[in-house]
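I've put the structures underneath this note.
Two complexes come next, and they have one chain in common, chain A, joined by chain B in the first and chain C in the second.
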Partner chain A sequence: MREEKNQLYYFLISYGIVIALYSFVSLPQVSTFFYPRPEILPPITWFFKKVYQVSTSGLLFRSIGISLLRMVSGYVMGAVIGVSVGLLMGWSRKVDYTLNPLVQFIRPIPALALIPLFILWFGIGEITKILLIAEGVAFVTLISTYEGIKNVPTVYIEAARCLGANERLLLQKIMIPASFPYIISGFRVALATAWAIIVAAEIVASDKGLGYLILAGSHHVDASLIYVGIIGIGVLAYAFDKFIRWIDVTLTGWMEVEREEAQQ
Partner chain B sequence: MLKTKKSITLHSQVKYGLISLIVAILLYTVLTNLHLYIEVKSIPILSVFRPQYVPPPQRIWDKTLELISTGRLWQNILISLLRILIGYGCGAAIGVSIGLLMGSYRKVDLYLDPLVQFLRPIPPLAFVTLFILWLGIGEISKILIIVETTAVVTLIPTYQGVKSVPKIYLDAARSLGADKGLIFRKIIFPSAVPYIVTGLRLSLGISWAVIVAAEYIAAFRGLGYQVIYYQRLMSIDGVVVSIIWIGIMVYLSDNLSRLAFNHVTRWMEKQRV
Partner chain C sequence: MTPKIIIQKLYMTFKGITEVKALENINMNISPNEFVSVIGPSGCGKTTLLRIVAGFIKPTKGEVICDGEMVKGPGPKRVVVFQQDAVFPWMTVQQNIEFGLLAEGEHSKERKEIAAHFINLVGLRGFERNLPKTLSGGMRKRVDLARAYAADPEVLLMDEPFGFLDAQTKSKMQEELLNIWTQEEKRTVFFITHDLAEAVYLSDRVMVLTARPGRIKRMIDIPLSRPRENEIKFTKEFSNIEREIWETMREREG
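Our next item is the complex of A and B:
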């Protein structure tokens, strides 16, 4: 109990100091020393006003909705492909050896780097962003699923075979559950990748969405709008990550693995 | 020669891998060159392989030669690389030091953790436009993004590295009379090194992705800019070649850093990445 109370205390102090410093720098007298316009280092009250404006006009919710829609569609698509191919490759050595060169060739190319390529191929619409996210997520989940399957202790497999398990049972009851920690950690990394892709894609292919808010903020020299975008993304990304961590604990709670370090 | 299990798998690995690679390349070459012989547009499935969308290998090769001979490729690579190195250097220094501090001193941890947890989930690219607004469109804003990226990505594993030192080492050292400085230098830091190295390697790869995207958004030089340049010209050859070179640079950075770090940590048992 005492520890918890102190945690809140430190939380308030550290944010308090940052807010105090920022308030000082954003004072009209001080910010005009650096920049010609106060909107570049706006006082915090302006940020709250902007949040109000953007919420009541519906722009905030429309942007969040669009970004989420793209993110979730792309993520699900990518995860399904990534996990299935990863399972396939982990399971069958022939598939592994055959597909490996292709995977190793595309792997070093960051998903973010493909943005202009996809734009040339698919235009600047929704499909492009969804496919980009799907590509990024698919590769991350593929590799982590593959690692998961490959790292199943051979003891488990041999024991199951000894006891007469057929291949389907082996896959279902042993290999997949044993790879859960890897697969789920892959999901978490893929989530971060997906957020990075959606933000970059929305800034490069200026459109609607939270990333576009960030872009608009810089075009209209309105840092408060940028703050709204950044904090919006941060909150959503944090929420999704917490959600996946909850799924992780629920699904793998029965495993005795030192996950405290892995949880970060 | 006695075939060991390992040599059998290596043999089949190479066999399957090589075959699939050669088949893939041949298939690609054939499909992308079909347009020279038949009216590809009329066949729905094959129309994907029009030269404007999927460049034939010979054009990829020509474009690469062109970029190399005009020197543009090296210039752009160098610029992106420099931005990364400077940003990575500063960011890693900041991230590792703060990580070490936070891991070693509970007070520092308690004060700084809320701020770290705030920065963590935010994709670094979200800050690009903000930094440009604050610091202009020049080098500083891009380097700063890399600093932020690297600092956050190196901080967390470093912190975990310090925290994961087995208590028994610390207790043993203390009971033998070691002072704090000695404990840190000889026990905490070396134990944390594998974690730190993991963070350093991870952030290098991420830095490449981030700098490329930052250059897409706002740059006039660099590999990322090169991609955008060709995209604006609707030149798929240039785009594909530039992206391939980005992949090459990431691959090289990743492997060279792996070798370098393995060499540096060679005194550790099996801490290979």
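Our next item is the complex of A and C:
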């Protein structure tokens, strides 16, 4: 309990420092010394006011909504494909040998480099953005799942086998749970990948979403839109990471990361 | 009495950059309900022998017959207790002990009953819902032992199961293993160790292997009466047997 209070305290300090620094730098006397154009660093009060305006006008929430929808659909699609194929490749030598050369070739290509190709194939609609995210997420989660399966300690597999486990039970009760730590860490990496892709895709080919908000701010020389867009992405990414962490604790709480003192 | 396990003309050679002869011409019979230990210096192929009997690896030549059937792969007739911690860390104590029963397709009610019996037997009552990470090394070995027993194997294959425990816990576990072994319907036990006192204390017979390649040097019957208390280790009779085996192990080949 006391720990949590302390955490809140430090949280306030860290944000307080940022706000104080910004307030200082954005003072007209200070900012004009560096920049001739004060609108790039508006005073913090003006900034809060604009954020409030953008939020209440519904623009922010519409942008968040549309980005979120793209993000979640692409991420779920990619994760389902990635984990399934990763499991198959980890489980079956034949599948591994067949798919590995392809995976090794496509995986290092950044999803961002595929944006033009995907636009060519699927147009500039929603499908393109969702598929781009799915592509990025699928490869990250595929590799982590595959590694997870390959790294299950032999002693667990042999113990399960001699206790009479068939293939199904072995996969379901041993291989998959033993791989959770790898799979979850893949989920977290994939989250960062997905955000990079969605923002880039929205900047390149969209008229909605947080990425577009940032682009529009730049076009209209309206710094507040850019800030709102960036903060929106930050808040969402943070919330997603918290969510994955929660899944992590639920699924891999059995790990001995911080081992409690064994009761003697 | 027909033997439980027959090991016939077994050879094992590991092929690699240099060939390693691990086992050479191993022949032995193990009777039902017999407790046999294999002892020998490290690298003598003890573990290899156990892994062949378990069905994890195939011998280069020869065969292992269990209950009249050739061993072709691992199965619940021959359950292994490993030296490493093989308790599944993502399962509770209860789920671990039920695993063999689950694999056999037992119903949840029977699984619970059988597991409860063995949880009691190894003294883990009250820890059913604990995760292994909250247990000490000795307690985890008990889970492992209970899990092996709950699977109702014909043969228990134990590969230095107490090798990583401290001396005190080790001696306690040896005593408990004997208790469980006598209390339950007796199983055939094939026990690997490099600890002389452990082999003498537990076994009906001790097989001494030579170092690389592992060959049977001698089979020694342990005439100590059962049940055996831990104190038996301090008797003259016990140390005489120990010395005899010790001398056998030291003897030069040929």
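In the analysis below, the second predicted complex is superposed on the first by the 228 of 264 C-alpha atoms of A that agree within 3 Å, B and C clash if a C-alpha of one lies under 4 Å from a C-alpha of the other, contacts with A are read in each partner's own complex, and residues count from 1 in each chain.
Methods note: a contact is a pair of C-beta atoms (placed from the backbone, for glycine too) under 8 Å apart; a residue touches a chain by one contact, two chains touch by 3 or more.
Since the structure is predicted, the reported quantities are computational estimates derived from the model, not experimental observations.
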A:150 touches, of chain B and chain C: first, second, both or neither? neither
Contacts of A:158 with chain B and chain C, given as first, second, both or neither: second
Comparison of chain B and chain C by chain A residues contacted: B
Chain B versus chain C as contact partner of A:221, first or second or both or neither: first
First (chain B), second (chain C), both or neither touched by A:208: neither
Partner chain in contact with A:245 - chain B first, chain C second, else both or neither: neither
On chain A, positions contacted by chain B and by chain C: 264
Chain C partner contacts - residues on chain A that touch it in the complex: 153, 155-156, 158-166, 169, 173-174, 177-178, 180, 252-256, 259-260, 262-264
In the complex, chain B residues that touch chain A: 9, 12-13, 15-21, 24, 53, 110-115, 118, 121-130, 132-134, 156-157, 160, 163-164, 205, 208-210, 212-213, 216-217, 224, 227-228, 230-231, 234, 236, 239-240, 243-244, 246-248, 250-251, 254
In the complex, chain C residues that touch chain A: 54-56, 73-76, 78-80, 82, 84-86, 88-91, 99-100, 102-104, 131-137, 139, 147-148, 151, 157
List of chain A residues in touch with chain B within their complex: 6-7, 10-11, 13-15, 18, 35, 40-41, 93-94, 97-102, 105-106, 108-117, 119-121, 192, 195-196, 199-200, 203-204, 211, 214-215, 217-218, 221, 223, 226, 229-230, 233-234, 237-238, 241, 261, 264
